[in-house]
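The following pair of complexes shares a single chain, chain A, combined with chain B in the former and chain C in the latter.
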Partner chain A sequence: MDVVIWSRIQFAMTAAYHWLFVPLTLGLAVVMAVMETLYVVKKDEFWKKAAQFWIKLFAINFAVGIATGIILEFEFGTNWSNYSWFVGDMFGAPLAIEGILAFFMEATFFAVMFFGWNKVSPKFHLASTWLTGIGATISAYWILVANGWMQNPVGTTFNPETVRSEMASAAAFWEVITNPVAVSKFCHSVTSGWVTGGIFVVGVSAWYLLKNRHVEFARKSMLVGAIVGLVGSGAVMLSGDSSGVHAAEFQPMKLAAAEGLRDGGNGAAFTIVPGIQVPHMLSLLATHDWNGYVPGINDILNGYTDNDGNVIPSVEDKMIMGRTALDALAVYRKTDDPVLKAEAKALLEANVQYMGYGHLSRPEDVVPPVGVVFWAFRFMIGLGMLIALVLLLSLIAIWKDKLGAWKWLLWASILCIPLVYICGQSGWVVAEVGRQPWTIQGLLPVNVAISSLSAGAVKTTFFIFLAVFALFLAIEIRIMIRAIGKGPEVEPSENI
Partner chain B sequence: MTYEFLQNYWWVLIALLGGLLVALMFVQGANLHLGNRVLSDTQKRMILNSTGRKWELTFTTLVTFGGAFFASFPLFYSTSFGGAYWVWILLLITFVFQAVAYEFQNKKGNLLGVKGFRIALMVNGILAPFLVGTAVGTFFTGSDFTVDKVAITDPSAPVISTWGNAWHGLEALGQYPALLLGATLVFLTGILGDLYILNNVEDDGIQAQMRRSVKLSIGPFLLFFLSWTAILLTQKGFAVSPDGVVSMEPYKYLHNLLAMPAVLCMLLVGVVLVLYSLYLGAFSQSRKGIWFAMPGTVLVVMSVFFLAGFNGTAYYPSNTDLQSSLYLANSCSSYFTLKVMFCVSLLIPFVVAYIAYAWHQMDKKKITAEEITTEENKY
Partner chain C sequence: MSRLVSFFASLYRDGFRNMTWGKPLVWLILLKLIILFGILRIFFFKPAMSGLTEEEKSEKVGAALTQPHNTDTLNLLTH
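So, the complex of A and B:
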């Protein structure tokens, strides 16, 4: 395997691993902040002890999240050198803002939250708990502005003097930070974190109920967890719908791959699983129009006319225009003749829109691994709906006082903890594998985004990180299970 | 605001973040005492919990330093990170272990045991300042890379910044001036750690150890620092002409110092502050040395960055191809991006204010043995 593949595998592993810890951070942050608010408002020690227990689990999880976040930041430079130059001007500003606004907030108030119970006032402590979660959420926004830009590169101009994408005006900056893809990604990711946090709390509480331990604590935690998780589920569905519309508009190949749609058309059907289809549903979801046109993989390869009447060229034509742009750029950079330079610049500007395609060697390169994206999409939706159902049933069981009778639901809640991770990971597989071969949609394919390293060097670091990640995960799970086993320091057990 | 002003402004901020990073590496320095055989386990835990309340700020400063460098001078990021691969990866791994070591080390079931994680913290305590120092040292010795922006049009070898050797940064270990700066930072952060613990922890035995440690570190620190400074001020430097041509100039950094009296003053004030803190730590009863050492460190590090980047100097020079060297104007972000970031940076005083407030609230009570034995929320 070459350096491109190893760089991709390493980055994918780091990002996927990071995402094991982030959603629980985002979700538990809400749960524990709500509980501590109840403590401060009701002045009930129970809620303080409850919040402290979930904060303890939050802290175990938070450490690995931080440790892996910095790896991603470094890998942009170490493994994606061309990318970091090409996008530095666009991507740098959100990252710097993230550092200044969010990271310091998280780091400072996490320390107060964790150590400050006996050092600061209850209100200052409560503010710190909220600010830890808000810091994490703001952080998610800025990193998803960057990721959203890679999916839909708005507000950018290619500058042949510097050979990179640049942000040229306040309007461009505004476009970047309000990029619809970024906004819906932010809502989708953060609220999926609430689902993760919610079902985690529900699952752990269910375990206590099954063991007949900390019953009061478990019931009340389950209530908070189920509400946070259900609110999250609703928001995930809404933002998922807009993500689908954006994919249709900005990344039709991703949508086609997610649907396994070889040949598209008007009134396209949605495939639930191969062989079972709902007529017109894909058109409705993707375009909000019963008969809207959805292009398939072959349409995108061969060219088509979209719903607004725009003629989209074939990939082969885009590659020719892209190659023309790259050749013009080379002439522009090398010549000192002002006439030749002006001609080259004009030619570049006429074709720059497709410059990324000039790096491809054959049209089929634009097709992502269809099977992976297709099934990941189905896992994400199927598991997401199952988890929402379990959360809803948990709420009903608490309401109707059926927790003692519905033991199967308690087991289902525990089972949902690993499932929610598979669900979240599947979502990122759809988003990231689905946009292959692009690092930046249409502008920079992965094979050009890399660093000048040997495959052996990246392979070595991949295995080092693999070993470190496996070790940390094993430790994290062991410590987490022990902490759950020890339980909260609340009231003695009672029967359901 | 001109483009040049913004470039200089961001270099000042990078220098400030670099200075803060080194000053906050008192965390790394203090953690070296986790291997101190004279200290009891409770005393070690007091040190661990003292740095444990601060490590995230050091870590976050590192992340922000990287993010700000990426944002304001992306060609440095793409050239150095992608080129000096092993240096950055090593630094990264030591910090990754540090990030989990606090939370995990005293928990049952942590697989590596207390000792394993303490070793990780001590390795980070030595390697982090050493690697950062060595990397900054190459700002003055040069590195082995070329930058060719047309390369991106060549499908067979599209990478703009390429490193000239397979060592990918480890070759800096063969450049003794860079090594001297690395060693200087190891002893400086060690001293900062001693002074911080002296101030933050209430324990006679620990305090005696810290004072002893400062005394022992003064000699090697001054030896390495003065040797590096002597080499710096007498060596050839990488000068950039107004039209962007890079050439070697004898005594370049001495010239820079003399041409920028404000930087000379910063350097001298910084050195005096650090020396005074050494006196306070080693030869007086005062526990306030850290309050002089940290600002002193920030001033010295900032002046080192200014010598590297201002007054027509290439801050990340290439020995392989002089004209590939990076200077502020050829490696920075666009005018508009720097301007947006300028506006964002106006929030920094607010951030510093809330950090100071939170620290003040948390540090009102010094760490004591009683707290370590009775408090539930601890590392």
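So, the complex of A and C:
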């Protein structure tokens, strides 16, 4: 395998590892804040102890997850230097805001939350717990602004002088941060974190109930976890709908791959699994129109007319325009003749939206691995619905006082803990594998974004990371299981 | 302002001093940061364009963009 593939595998592994910790952080933040709110409002010590227990698990997850995102930035600079330079001007602002915000949030509110139980008033502590979660959520927003821009590069202009995508004005910055893809991705990712946190709490509580330990604590925790998880599930479905519409609009190839749709059309059917289809459903989901047009892979390759009447060129035509843009860029950068330079710039600007296509050697290069995206999409939706069902049944079981009788539900809740991670990772596979071959949609394919490295160098660091990640994950699971095994007893000092 | 700084300083000092189950987590974070910044960053993840001026970086990426590329491995798996 060559350096492009090794770099992609390494990046995918690091991002997937990072995403093991983020959703639980976002979800547990809500659960523990809700519990502490109940403590402050009801003045009931039970909720304080409950909140402290889940904060403890939050801390373990946070400790192992900390700085895993920084590794991605290492890889940007070393493995993906062309990409890093290309996006540097655009990524600088959101990532700097994220870094500063994360630092201040972590340095202040985390400290109060962990160390401040006996040092500040209950209300001040509660505010710190909420702000810890809100800080992590706002942090996620800036990361997803950067990711959303790669999927739908709005608000920037390619500067042939610097060879960068640049934000020219405050209006451009506003366009970047309100990018519809970033907004729906943020809502989808954060609320999927609530589902993760919710089902984690429900699953751990189910284990206590099966063991007949901390029964009151487990029942009440399960109630909070199930409500947070169900609210998250509803929001995930709504934001997922919005993500689908945006994929249809901005990344139709990703949607076609996710559906395994070779030939599209009006009133397109949604495939549940191969052989079972719901007529018109794909059109309804993708365009909010029963008979809306959804292009298939072949339509995108050959060119089509979209629902607004815009003629979308074939990939071959886009490749011609892309090569024209690249040739113009080469002339612009070489010549000193001002007239020729102006002509080259005009030609580049006229074709720049297809610049990335100029790097492709055949139209089929724009087709992502269909099987991977198709099945990842089904895992994500199927597991997401299963988890929502388990959360709903948990709520019903608590309401009808059936937790003792429905042992199968308790086992199902425990099983849902690993499943929610598979669900979340599948979602990212759809989002990221589905947009291949692009690092930046239409502008920069992966084979150009890469640094001049040897495959051996990337392979070496891949296996180092694999070993380090496996070690830390094993440590986390061990510490987490020990903490869960010990249960919600609070140390006399109430210190962490 | 100085009261705020001294409040946070005492929060951290007392917090770390009285730590119980959190101690292994702090060691874990320190170990990880040492591995990341003390080993991986220094020996394995040097920025590919470090030491270049802004103009040289533009030149390098401009050249990468305008030269032909191998597209055989654009997609990891077969379609």
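Simple rule for what comes next: the second predicted complex is superposed on the first by the 486 of 496 C-alpha atoms of A that agree within 3 Å, B and C clash if a C-alpha of one lies under 4 Å from a C-alpha of the other, contacts with A are read in each partner's own complex, and residues count from 1 in each chain.
Keep in mind that, in the parts below, a contact is a pair of C-beta atoms (placed from the backbone, for glycine too) under 8 Å apart; a residue touches a chain by one contact, two chains touch by 3 or more.
This one's a predicted model, so the numbers in the text were calculated from it and none came from an experiment.
Once chain A is used to superpose the two complexes, chain B occupies space that clashes with chain C.
Of the two partner chains placed by the overlay, only chain B lies in contact with A:172; chain C stays clear of it. By the touch criterion defined above, A:92 reaches chain B but does not reach chain C. After overlaying the two complexes on the shared chain, residue contacts for A:100 are found with chain B alone; chain C is out of touch. Legend: residue contacts after superposition of the two complexes on their common chain; A:370 is shown touching chain C, with no touch to chain B. In the overlay built on the shared chain, the residue A:404 is in contact with neither chain B nor chain C. Of the two partner chains placed by the overlay, neither chain B nor chain C lies in contact with A:279. By the touch criterion defined above, A:124 reaches chain B but does not reach chain C. Of the two partner chains placed by the overlay, only chain C lies in contact with A:362; chain B stays clear of it.
Of the two partner chains, chain C is the only one touched by A:2; chain B is not.
The clash between chain B and chain C in the overlaid arrangement falls on one stretch of those listed (95-103, 185-193, 239-247 or 275-283), that is 95-103.
Of the residues of chain A, those at positions 59-60, 63-64, 66-67, 70-71, 74, 77-79, 81-82, 84-86, 107-108, 111-112, 114-116, 119, 162-164, 326-327, 329-330, 333, 359, 361, 447-448, 451-453, 457, 461, 464, 468, 472, 475, 479, 483 touch chain B in one of the two structures and chain C in the other. Of all residues in chain B, only 53-54, 56-57, 59-60, 62-64, 66-68, 70-72, 74-75, 77-83, 85-86, 88-89, 92-93, 95-97, 99-100, 102-104, 107-112, 149-150, 152-155, 157-163, 166, 168, 333-334, 336-337, 340-341, 344-345, 347-348, 351, 354-355, 358-359, 361-362, 364-365, 375, 377-378 touch chain A in the complex they form.
On the side of chain A, the complex with chain C involves touching residues 1-2, 4-5, 8-9, 56, 59-60, 63-64, 66-67, 70-71, 74-75, 77-79, 81-82, 84-86, 107-108, 111-112, 114-116, 119, 160-164, 326-327, 329-330, 333, 359-362, 364-365, 367-372, 436-437, 445-448, 451-453, 457, 460-461, 464, 468, 472, 475, 479, 483, 491, 493, 495-496. Here chain C touches chain A in the complex through residues 8, 10-12, 14-15, 18-22, 24-26, 28-29, 32-33, 35-36, 40-41, 44-50, 54, 57-58, 60-62, 64-66, 69-71, 73-79, going by the rule given at the top.
On the side of chain A, the complex with chain B involves touching residues 52, 59-60, 62-64, 66-71, 73-74, 76-86, 88-93, 95-101, 103-112, 114-120, 124, 128, 159, 162-164, 166-170, 172-173, 326-327, 329-330, 333-334, 359, 361, 447-448, 450-454, 457, 461, 464, 468, 471-472, 474-475, 478-479, 481-483.
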